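Please find one structure pasted underneath; my questions will follow.
Just so it is clear, A, B, C, D and E label the chains in written order, and each chain counts residues from 1 on its own.
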Amino acid sequence: MSVSSTVSGAAAPELRIVGFLCNWCSYGGADTAGVGRFIQPTDLRIIRLPCSGRTNPLFIAKALLQGADGVLVSGCHPRDCHYAEGNFYARRRLEVFKQLLPVLGVDPRRFEYTWVSASEGQRWQMVVSKFTEQIHSLGPARRLPGAPELEWLRESAG
Amino acid sequence: MSAKTYAYYSGCSGSGTSKEYDLSTRALCAALGITLADVPDWSCCGSTPAHMVDHALSAALSARNLAQSEQLGLDDFVTPCPSCLKNTHNAIEQMRDPGFRKEVDRLTMRPLARKHRAFSVLQLIYEEVTPEGLALKIKKPLHGLKLAAYYGCLLTRPGRSMRFDDEENPVSMDRLLEAAGAGMLPFPLKVECCGGSFGIPRGDVVARLSGRILELACSMGADALVVACPLCQMNLDLRQKQIRSAVRLNFHLPVFYYTQLLGLALGLPEDQILLDKLVTDPKPALAKIEIIRPPDVPAQPAKEVPA
Amino acid sequence: MEHVQLGRGDTDFIRAVETESGQKVSRCYQCGNCTAGCPMSFTYDFTVSRIMRLIQLGQKNTVLSSKAVWMCASCESCSTRCPNHIEVARILDVCRHMSRRAGFGGARNVRLFADAFLQSVRWHGQSHELGLMAVYKLLSMRLFDDLTLAPDMLLKNKLPFKPHRIKGRDEVAGIFRRYAQGRGLHGGGKK
Amino acid sequence: MKIGVFICHCGSNIAATVDVKKVAETAGRMAEVVYATDAMYACSEPGQQAIEEAVKKYALSGVVVASCSPRMHEATFRRTVERAGLNRYMFEMANIREHVSWIGRDQGPNTVKAIELVRMAVEKLRLNRALIPRKLPATRRALVIGGGVAGIQASLDCAEAGLEVVLVEREPSIGGKMSKLDKTFPTVDCSSCILGPRMVDVAQHERITLYAYSEIESVSGYVGNFEVVIRKKAAYVDWDKCTGCGLCIEKCPSKKNFDRFNEGLGSAAAINIPFPQAIPKKAVIRAEDCRQFQGKKCGICAKFCPTGAINHEQQDELVTIQVGAIVAATGYDLADWTVYGEYGAGRYADVITSLQYERMLSASGPFGGHIKRPSNGEEPKSVVFIQCVASRDPSIGRPYCSGFCCMYTAKQAIMTRDHIPDSQSYVFYMDIRSPGKGYDEFTRRAQEEYGAQYVRGRVSQVYPRGNKLVVRGADTLLGSQVEVEADLVVLAVGGEGSREAAGLAEKLRISYDSFGFFLEGHPKLKPVETNTAGVFLAGSCQGLKDIPFSVSQGSAAAAKTLALLSRDMLESDPQTAQVDIKRCIGCGKCIQVCPFQAIREADLRGQSKAEVLEAVCQGCGLCNATCPQGAIQLSHFTDNQVLAEVEALLCP
Amino acid sequence: MAVQEELKKIILGLLPQVDCVIGWGPGPDLLCASPYFMRRPEEVDNFLAGPMATQNTALYLPEYKGKKVALVVKGCDSRSVAQLLAEKLIAREEVRIIGFPCAGVADMGKIAARLAPHGEPGEAEKAVYGEKELRITMAGRELVLPLAEIKADKCLRCAHPNAVFSDHFAGEKAAGNDDEFKDLAALETMSLEDRFSFWEKEMSRCVRCYACRNACPLCVCRDHCVASSRDPHWLTQADGVSDKLLFQVTHALHLAGRCTGCGECQRACPAGIPVLLLKRALSRAVEGLFGHSAGLDPETRPPLLTFQVEERTIKEKAW
């Protein structure tokens, strides 16, 4: 059981969802959602990268093999990349990576990538809500021996 | 030209009010080397009334005919009638939605096995024979005849779904008739509605809408209108008398099927193009055709057409 | 027209129109192009763009009892020229289905003609023009309309007296039967 | 490392749904954190002061602020830590407002999430390194691309402030779209009377070099140090000799050519000067129209030219220049309105565009300022204006409002009544968009004083009947169809990015959208900047604008250019890719993918290695994600820094 | 064997023009050859080609950068060369390629399993590879193993038995098979859960020797592998399955769109872990998405180092 449930009481236990967002579009979109007070599930933790092209699929592999229940990558819409081409490369690499997951025995629905612009606060809310729901429907991911357990936070949240 | 065979669906009016369209279409296709195979024991597509009642019912009526055409082993379904075409086309398009397809299958109890395509005989001739190919076969060019081609509202619209010719300014009939030697007027109301199936319940509607088409064609100096739709032909020709009195204008404008005129230009005999079925007398218009004889061929004796 | 209570629009109706037609009515920005090009507009009580507006506001009864949804000739001018690619004609079709299902009268003659036509198809498998006219005239009590046409049509041998009956007419009748049976189960369009 | 953590309440924005004290308390126990506290408003002056004091008091070597989005205040706090004596990159932010307090209602999960975001920031900060911007020299010369009113303004402002300016214009004359207009709204003053003097200023300014009838061939280099190759297209006339006397035009036998400047109304000679006020006023031969180039015997222009300027053998010439900054001001083109079959798709002579109408109204235009029906030369009495043609029309992929059509249509309706007092104008509109000084009043004047009949609705079809045009539309206010017989139909065609914009954007390495408009750096805060350092935007190339707005942007782009080149040395953002020479095996994959050509192959003692051009690198990190052995790392977003954040979440 | 003799002739002819010819020579035991580096004509006598010539000769190419070498290649080896060329990791003018029709190589694991009742492969006294079978004399008895039964799996599905390109070719070209990714299909008959357990079990045997990496001709990082670097620090030294599997995923992703499926990684694995499967999964994905098979054309850019603005084959999630 994760700590958040002990804090919040009734809500479903939080799962571990990591987001890799490009600074220019999607991170801005998440900000816009915040400014608009678009309520979202709290499971997601966002890591800010300059560009979706900076997303090495191995970041995702690392997260999924070492304890994350879901990973979401979001960048600028194709053609709107701040760096012109980063998301085009990302799209290929992330799609190829997604197809590797079932061979590893990881449900490919644990990883999604999408495009959200800085103005699309509502789209961001929708993506986060649906993805979180998707991960909850899959439940906690199985952990490999050697991967850390999630009990550690209990201490820090005290 | 392709040696393909096409499943042919004449539609109900082909055995009644537009017999001449059906027959001239068959004769024209035969003369152009297009093989048509009748859809066996076909049924009505439901026309406008069916889709006014329900889309699945409408699609089911069309789907039955597609199922019948599968007995011929053919995917390409052609019809001279734009209304039948529209229904068949819509049925094929809408059945891409699995839920809709399921409902249609429930109604017909005959799920379709093949991937069907539906198009008009006009499209077939325009794209397979092409105006250039047609020109080579013209025996009696229609020189001197000034025509307005009227396509009706269903044949090309909306373009994103019908995918044939231009949705606002179609030219296929114009190009074919030009190839046959006729002079084509830049008729601006090519795709305006003639009133369609409102002929029976609301004659006033047809009088107004078809009246406008006839009036403009007349004022532009057309000798005749040319159409590709049985319903349009019926409204414009059969009801012309009604329209004349309704709009208080005196026009006598014959309304040909393009297949009749192309047949005429190809030298097909009268019993295959049935010009005598037209209500508004076509003879004054036909008389304008200038007979240009090649210098070395002696003039044919006039008056071949049986009265 | 009654004044419209904005908060009381029938949102189920809006949703039903959208699902059955597959169109998004909120995309309409009321430019009026559909109205401008509609050949049947002179027969309507509400112009097409007003019908669209009424749907946007969920005015179910006004829409379904309107003449406009029945007088549309399905000529596709509106769909062709809509700047927002809305299949307006399909929306009108769907409204007509709903109007029929909900028992609104609509334009009586138009409805009766459609019924007569389909009856003819149901009986024979193909439509029989003369029989169809007879049925329609009986239903509509408009016995003498179009009588002037008959001589022309008969003269040109365009109206066969006997209907052509196809072999598969039972099958066609079956389609109508199953349609009638299943009508409660589906909405006529996409589920 | 000694880290200080500051948790901001942001008034109640954060504190209402996050237990700020608890976050601070927990942060105090995180690795290398020596000081953690909460603050009411971290960004306020006392808030920043508290951070500065803490840095000094606790000898902090890094700072984490948990507050709003870094897109909001990262720059603010970087300056704060810099004032306190730290390198500005020894700072991290945790976004606990937009990403936590504003999107979650429950304090419990919010607090846990805030703690974790702080932990991620701390873990990343532990790996941060001081980064020092590099200084590079800059060329104090600006290139302005496009000589429309925006480009003219930018050039004059830069030159006035002492900068060298090179202005490149693809047409034979500068002036752009404004030079084609008759009058301007809402003052109805003459367009060429107000633009003309500015054009002359450009020609006469000692610090402006004008390349007319020229295009950008290639751009290389980076901010402060661009190298630009300009293609001077062959005019087949030696402009040094040409005096603009116009004798050649008079004598040219090929006169029935498409007249570009007059939008195809009237015709032009094969050798031509587009309009009387042209700058430069030099003749150009269009090879495709010239008899000499069609293999016919001619050369009449050469025979008559008093200065012997004609040279049919002339070739394109390439000129290379060095500039420190670039202003793109390439304007717009009218969208293709011939896609509208219902308006005749170009088949009806009396259906014209608004820009053609401007040429008709202009006294120096092909009709000498008389409004005539192109079909028969008669004066029209009934003129229909159709607005929103190729604007606000998603069905043809032009969903946006072009912004200026409502106003110029009102102007044209006014001018119509002015030219032909017994005429009647009809304006079909969807909405009137007139938010500008005196703009709405102007549209009212068109209706109240000039009797223009405004009809609210689109037009469905235009077709000829007799020698009139039938316009069928709707009046949605009336709830009815309307029909009007017109002598002339003027389509208020919307605009789109210049057709050559995409190609230029590729050369400048700036982004553009599907309508051909260049993308600004930030829609609100960087409207004339791009995301490529040293490249600025002015006028309609960024999005459609009217004249005053284009002029303002020209000045704004000039201000940006001047600010950039006011120093002799530029600072470059140090968040760039760095190559670990020892680990690089020279496979070149990074070079292949870099969108900015910022990496090149360098030889290191016979071995091939990647080398980053720091001034060109924009810091996207694509190379970093591509290098299999991680030999190229993006500073401030290295693999280890990202992994530290991942591990902060997954591993204790 | 005629082909082997023909190859020797070609090698002898090329020796004066190059620094070295890489092929196969006598190995540690009679069943298996070793990579063989020929510089002098007399060394050519011991050259071997055939089912025992398992190693990928392309492995050594990048080390010879700047020198001229000739390479004897099987079909699979030639694809590695083509891929190295496509990535410009070697220079075309520095290599001469000698191809021959490969009938498939032997899988030592399969041979060992067949020999198990009789002894170790090293105890073979005599071994003769014939057209259709391998005859081994062991403890005085002759054992006959049909080649079809001891062929490596990768050879059973090999589509390119001949060099995909070559400067010289000995013998008649052989016919290839279709690769239908049946190995992956077999894995995919398992549930996701079972696949996860499968890797958990397989990887638990990993001893982190990195033989898989060292045998890979396209693993160009060599001494700079992220597995052992501190900056970037992708892997811990902890003995957990998660780090071991992450390394395999790393290797596979580094090879995505590049792996030619030569299978040397798997052959080299002392623990017999089917590490090739992960790379095959990515090859299948890349082939399906971009229609690209690595190592067929020295001119094509690897698909993950390029893109198309509209990717027709990528079906993105519709939210």
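Keep in mind that, in the parts below, a contact is a pair of C-beta atoms (placed from the backbone, for glycine too) under 8 Å apart; a residue touches a chain by one contact, two chains touch by 3 or more.
Quick caveat, the model's predicted, so the values are computed rather than measured.
Chains that touch both chain A and chain D: E.
Counting only chains that touch, the fewest steps needed to get from chain C to chain E is 2. The interface with the greater count of contacting C-beta pairs, when B-D is set against A-E, is A-E. Averaging Cα coordinates per chain and for the whole protein, the chain whose average falls nearest the overall one is D.
Centroid distances from chain A, each centroid being the mean of CA atoms, peak for B. Chain centres here are Cα averages; for chain D and chain E they lie 53 Å apart. Note on chain placement: the centre of chain C and the centre of chain D lie 50 Å apart, centres being C-alpha means. With centres set at the average Cα position, the gap from chain B to chain C is 24 Å. The distance from the centre of chain A to the centre of chain B, each centre being the mean of the chain's C-alpha atoms, comes to 58 Å. Contact of a single residue of chain C with at least two other chains is seen at positions 42, 77, 85. Looking at chain A, one finds that residues 62, 66, 79, 85, 89, 93, 147 touch two or more other chains.
In chain B, 167-168 are the positions where the chain touches two or more neighbouring chains simultaneously.
Inter-chain contacts occur between A-D, A-E, B-C, B-D, C-D, D-E. Chain B meets chain C in the complex at residues 12-13, 15-17, 19, 41-44, 46-57, 60-61, 64, 68, 97, 99-100, 103, 106-109, 153-154, 157-160, 167-168, 191-193, 195-198, 200-203, 205, 208-209, 238-239, 241-242, 276-279. Those residues of chain A lying in contact with chain D across their complex are 3-4, 7-9, 11, 14, 16, 18, 23-24, 27-28, 30-31, 33-35, 37-40, 42, 45-51, 53-56, 59, 62-63, 66-68, 79-86, 89, 93, 125, 147-148, 152-153, 156-158.
If you check the complex, the residues on chain D that touch chain A are 22, 26, 29, 69-72, 95, 97-100, 102-106, 108-113, 115-117, 119-120, 509, 511, 513-514, 519, 531, 575, 593, 595-596, 618-622, 624-626, 634, 637, 639, 642-643, 645-647, 649-652. Note for the complex: chain C touches chain D at residues 27, 29-38, 41-42, 46-47, 49-50, 77, 81-85. Here chain E touches chain D in the complex through residues 87-89, 220-222, 224-226, 229, 231-234, 254, 301, 305-306, going by the rule given at the top.
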